[in-house]
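Following are the structures in question.
Shared between the two complexes below is chain A, which pairs with chain B and chain C, respectively.
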Partner chain A sequence: MSALGGAAAGGEGINPTGTLVGIVILLVSIAATYALGFSIIPLIGIIIGGALVGFGVHFVPVGGAPAAMGQAPGIATGVAMLAAGAGLAGLFGGAWAFEATGDFAIAVAGGAVGGGLMMSITCMMVNATYVFAMGIPAASGKVAKDPITGDTFPEYKSQGTEGHGLPFISFFGGVIGGIVTGLGGTLIYLALLGIYETGLPVIMQAETAAIQPLAISLAGIFAIGFFLVNAVLAAYNITGTIEGPHDPKFKRVPRAIIGCAVASAFCGLISMLIVLNTGM
Partner chain B sequence: MEEIVLGIGITALAGAFATVAGAAEDTESDIGSQGDPNSQVQLAPQMGYIHRIFNKAISGEPPAYGAWCAIGAGVAWALMRINFNPALAIILGSVIAVFVQGVYCTSGYLGRTASLAKFQQPVYIDIIKSLLSVTMAHAFVAIFCTVAMCHLMATALHHPFALPLLGLVWGIALGAAGSATGNPFYGKERQYQNQKFGAGVPISASGNIVRYAEAGQRSSLDNGWFTTKFAGPASGICFGLIVFLELWRTVLFEKTVAGWGAIIVGVILILIFTFIDRWIEVWGRKTYGPYTAAEEASS
Partner chain C sequence: MSVKMEASAGKLSENTLMIYGIVVALVGTYLTYLNAVTGIAVFSFFGGIGAIAALWWGSDTIKHLCSYGLGTGVPSAGMVAFGAGAIAMIAGTKFGLASPIVTLVLAAIIGAVIGYCANNIINMNIPVMIFSLMKLSIVGALTMLGFAAMCTGTFMFNGLVIGGMTLSMEPAEAAAGGAQTFMVTVLPEFASSLIGGAALTVIFFLGAIALQHPFNACLGPNESQDRTLMLAIEVGFLSMFVVAVMSYAFLDIISATVGVVVSLIGWVYSYKQYIALSKRDAYAWLDAKPIIEVGGNE
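Moving on to the complex of A and B:
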């Protein structure tokens, strides 16, 4: 027990009661979508996309304030913010690719690559700053050896710190995180775009072509909203900082996937209500 | 062919705008002390170190710049809808966004510093007077360049998103790139200039930021002067590369390999940056060497 009387720590486990409540909310959202006459396929796309965003955020090496002083490894900014930056860059690429080709697979892959490219450039520049401007080599504080390159870290940690910079495993995690969040964000966007492209012309009694810009803008705004919901939920699960896939906190991923899937299902239902045809 | 040539020109221009935006964004955030290093500016008075550094971090840089660029792009978009000249519309939109930023800075400084009253940290009115206009000027450059870049994407490159939406997306990405690249340099190299070069700041030194300059007390203007030597340009290169390469691969290769060309080029670019990063990491390890012998560290 902690001093406040609660459990000692959040831990890595999954709360069965919370999970059950979450699954009920998820199923009710799907059932309500079906009952209101919508196809549940886009909602499934939104749920998978949301879960992917939550999953991907855990890969991104974020060191927060300690990283800005070279006290801890990772990128010196917030979890949700960096993931949002990468995922939205991916969303930009995915939406553009879909506009140009109309191909679902190309658009999703374009979103993934856009997110990965943003993260690879950012992570490279972080290491360039640490090495060339600050004279500090990369060292992880969570593992003694890099699981990919085999580099050892304890002797490269400066005194009184938990490590610094971005070891290769963290760089790798950042790129994978960018790819997965970009893919998830684009999936959500495409699902929403499909809903609005078919729903808006009916309720507004207008041509599909005339409604297209509105459908794209609505889908884009909602996709960004979904993105932030899932990124912030994942950030709460991480609680502060994470080094990447090798960090013990990464084991908390299943909890984030469940939470993000539930939140996406409920938010997905709300986003569909905009185009609910009440016959008025 | 003409379309591709025009696309490459627009891509280069957008990349140049992004580079300037990234440099201005990071310099603004260092002078205003908005990023993660501001935790030390907030902590210092609590450890007994009274200072004259600006202190305005209410939110992180990505959501802040997302909001400001979306406001700038939204106003510019609305003005263009009533037939304003695009250049004038973007300038007016950026000016209005900068006023929002100024309000945010003022309330941020007053609010955060007043919360430190119990630690005897004064609210210096002259700091607001002398630094507010400087952060607003840098923010104007960053917002104007980002909105202009988004306008090029929407009109010349025909991206499907509306201008305000592009402003939000690229504003968040601008803040993410600028804070990731620039924060360590401001946080470690400038705030903790009294610590050893080539090592992280020991956790025990937290809060003991450098508060004195060559003459008198250090001002946040001095921090801007220092960080423009590396953090600003590096952030500019980071954001410029992101924007330029994202547009370049799409404009040139979108229609090749049955639509997969841009994706293949993107993957190749990711691999190239991976190799460069690994080279930088190995170079750092070889050049600087370990801090302690391997046996000693592991024991």
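Moving on to the complex of A and C:
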């Protein structure tokens, strides 16, 4: 539902021509990275991270304005805001874990836990607000029975609404979404950090230890940029509201994965230009 | 295929706004180079003026994009604009004096790729999608470049990443006559700079909020172009004020104060103008009328 009343765009299915051109852009970005003399491993990390962000956003139960009025299930805000919250919390968690341990696996796991924790706290407080402040029970409008707990919904659903509150499956989806987006965001950050930690000392002619704060800041700012681009692309794929993994809109997820991978590949190529020696 | 529901026909066409926005943003950013020419940093505030021009144009572009049913709300467009713009802006500052131009070109290319992903891979099928995301990426990149130039007094990579210099003194071997000599080396400090201290992230979100707020606040059946654009200028000056306060960390006191004074004067003026325009539009609705359907295919 658009705030302006326009019909929501976005048909079902995959556009073959667009997807093919997208994959060509992705391969050209990888080839250009190789031709410029960079390792392509970080770029692969960025592409996988971007695709994970696009995938994870679809799990998050987004209700938008109708949810704030108790007319649709989900968390009462937009996709981009929720994904940014979960992903940035994961990013900070992962960055902190990498700073403390220097271990890739622990950092990625820290990012996933950070994002999942953020989403589980959000979902719990949202449900507390719905149940105790607004006085509405949790009921999904898209399915009759919760796929995990087996709770039935139609008895609790108010007439004229698409459901309301945050049923367990949506809560579950939110936590999974937080974990996956946090993991993706941390993967992007670590890939960029690797590039800048090795590349910046060479072009700036400085010691590795002195350049460390700059490498961390640059990787962090770029990771936020990548994250928002991928989250908004996924939000455009969802077009408005989604209840979680049981929602029929979840079937659109392959398009978002391809779109986010292509956008991440190209943006990754641009972000590597920083450490390209241009002589200026 | 979506139906276009709304777009208040403004006095200024989209292309006119684009030309003004790009020219003023580029000229404003380039005027900060006077700092390097004259040796004093009082010209930094021109960067903020350029950034406001970009925001002014961008809020009209957002209006045209979001009048199609995106389904995700207006703020998402501001976020994607600055996400893409940040990447283009940091990469663009590497190119010395040509940085603003390179930033513009890089942002247009990134915006086109993201727009293509949204329109053709994700199947949004919105006619203005690719061009709008190109323009929004340029807006995001030029706004960040303008504010960064205002904050530090330069738009070049070294100025943005090197916060200061420290002298390191190491005792060298004793010279003839028993006098101790020292070897002095100049070490750049990165952690206290705009990018190294991650203060650019603040500029990122200051700009993103200023870009998405005007249309988000003014949309509706009696939205009028001059009121939305005046609000864009008002929130632009408000963001510029915060950037001016931040610039105390990077510039001398006089230059930073010039920025604060300019942004405060601009904000007070544009706030008064915006309130006057709001009263005008509210008065037009004094006798409640049915909502006018603007545009559409009736």
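The rule is simple: the second predicted complex is superposed on the first by the 267 of 280 C-alpha atoms of A that agree within 3 Å, B and C clash if a C-alpha of one lies under 4 Å from a C-alpha of the other, contacts with A are read in each partner's own complex, and residues count from 1 in each chain.
Methods note: a residue touches a chain if its C-beta (ideal position, glycine included) is under 8 Å from a C-beta of that chain, and two chains touch if they have at least 3 such contacts.
Quick caveat, the model's predicted, so the values are computed rather than measured.
After superposition on chain A, the partners chain B and chain C collide with one another.
Looking at the shared chain after the overlay, A:L233 reaches chain C, while chain B stays out of its contact range.
Judged by the touch definition given at the top, the superposed model places A:A133 against chain B, while chain C stays out of reach. Once chain A of one complex is fitted onto chain A of the other, the partner contacts of A:M118 are limited to chain B, with no touch recorded for chain C. By the touch criterion defined above, A:P167 reaches chain B but does not reach chain C. Once chain A of one complex is fitted onto chain A of the other, the partner contacts of A:P154 are limited to chain B, with no touch recorded for chain C.
Of the two partner chains placed by the overlay, only chain C lies in contact with A:S271; chain B stays clear of it. In the overlay built on the shared chain, the residue A:A210 is in contact with chain C alone; chain B does not reach it.
In the superposition on chain A, contact of A:R255 is made with chain C only, not with chain B. Of the two partner chains, chain C is the only one that A:V79 touches; chain B does not reach it. Shared contact residues of chain A with chain B and chain C: 64, 78, 81, 84, 213, 217, 220-221, 224.
Considering their complex, residues 1-11, 13-15, 17-19, 21-22, 25, 64, 78-81, 84, 204, 206, 210-211, 213-214, 217-218, 220-222, 224-229, 231-233, 235-241, 255-256, 258-260, 262-263, 266-267, 270-271, 273-274, 276, 278, 280 of chain A touch chain C. Partner chain A is touched in their complex by these residues of chain B: 35-37, 39-40, 60-63, 158-162, 165-166, 168-170, 172-173, 175-177, 179-189, 191-192, 197-206, 230-231, 234-235, 237-238, 241-242, 245-246, 249-250, 254-255, 259-260, 262-263, 266-267, 269-270, 273-274, 276-278, 280-281, 283-285, 288, 290-294, 296-298.
Chain contact summary for the complex, chain C toward chain A: residues 1-6, 66-77, 79-80, 82-88, 90-91, 94-96, 106, 110, 113-114, 116-126, 157, 161, 187-191, 193, 195-198, 200-201, 204, 219.
Interface residues of chain A, counted against chain B in their complex, comprise 64-71, 75-78, 81-82, 84-86, 88-89, 91-93, 95-101, 103, 106, 109-110, 113-114, 116-118, 120-138, 144, 149, 151-152, 154-168, 171-172, 175, 213, 216-217, 220-221, 224.
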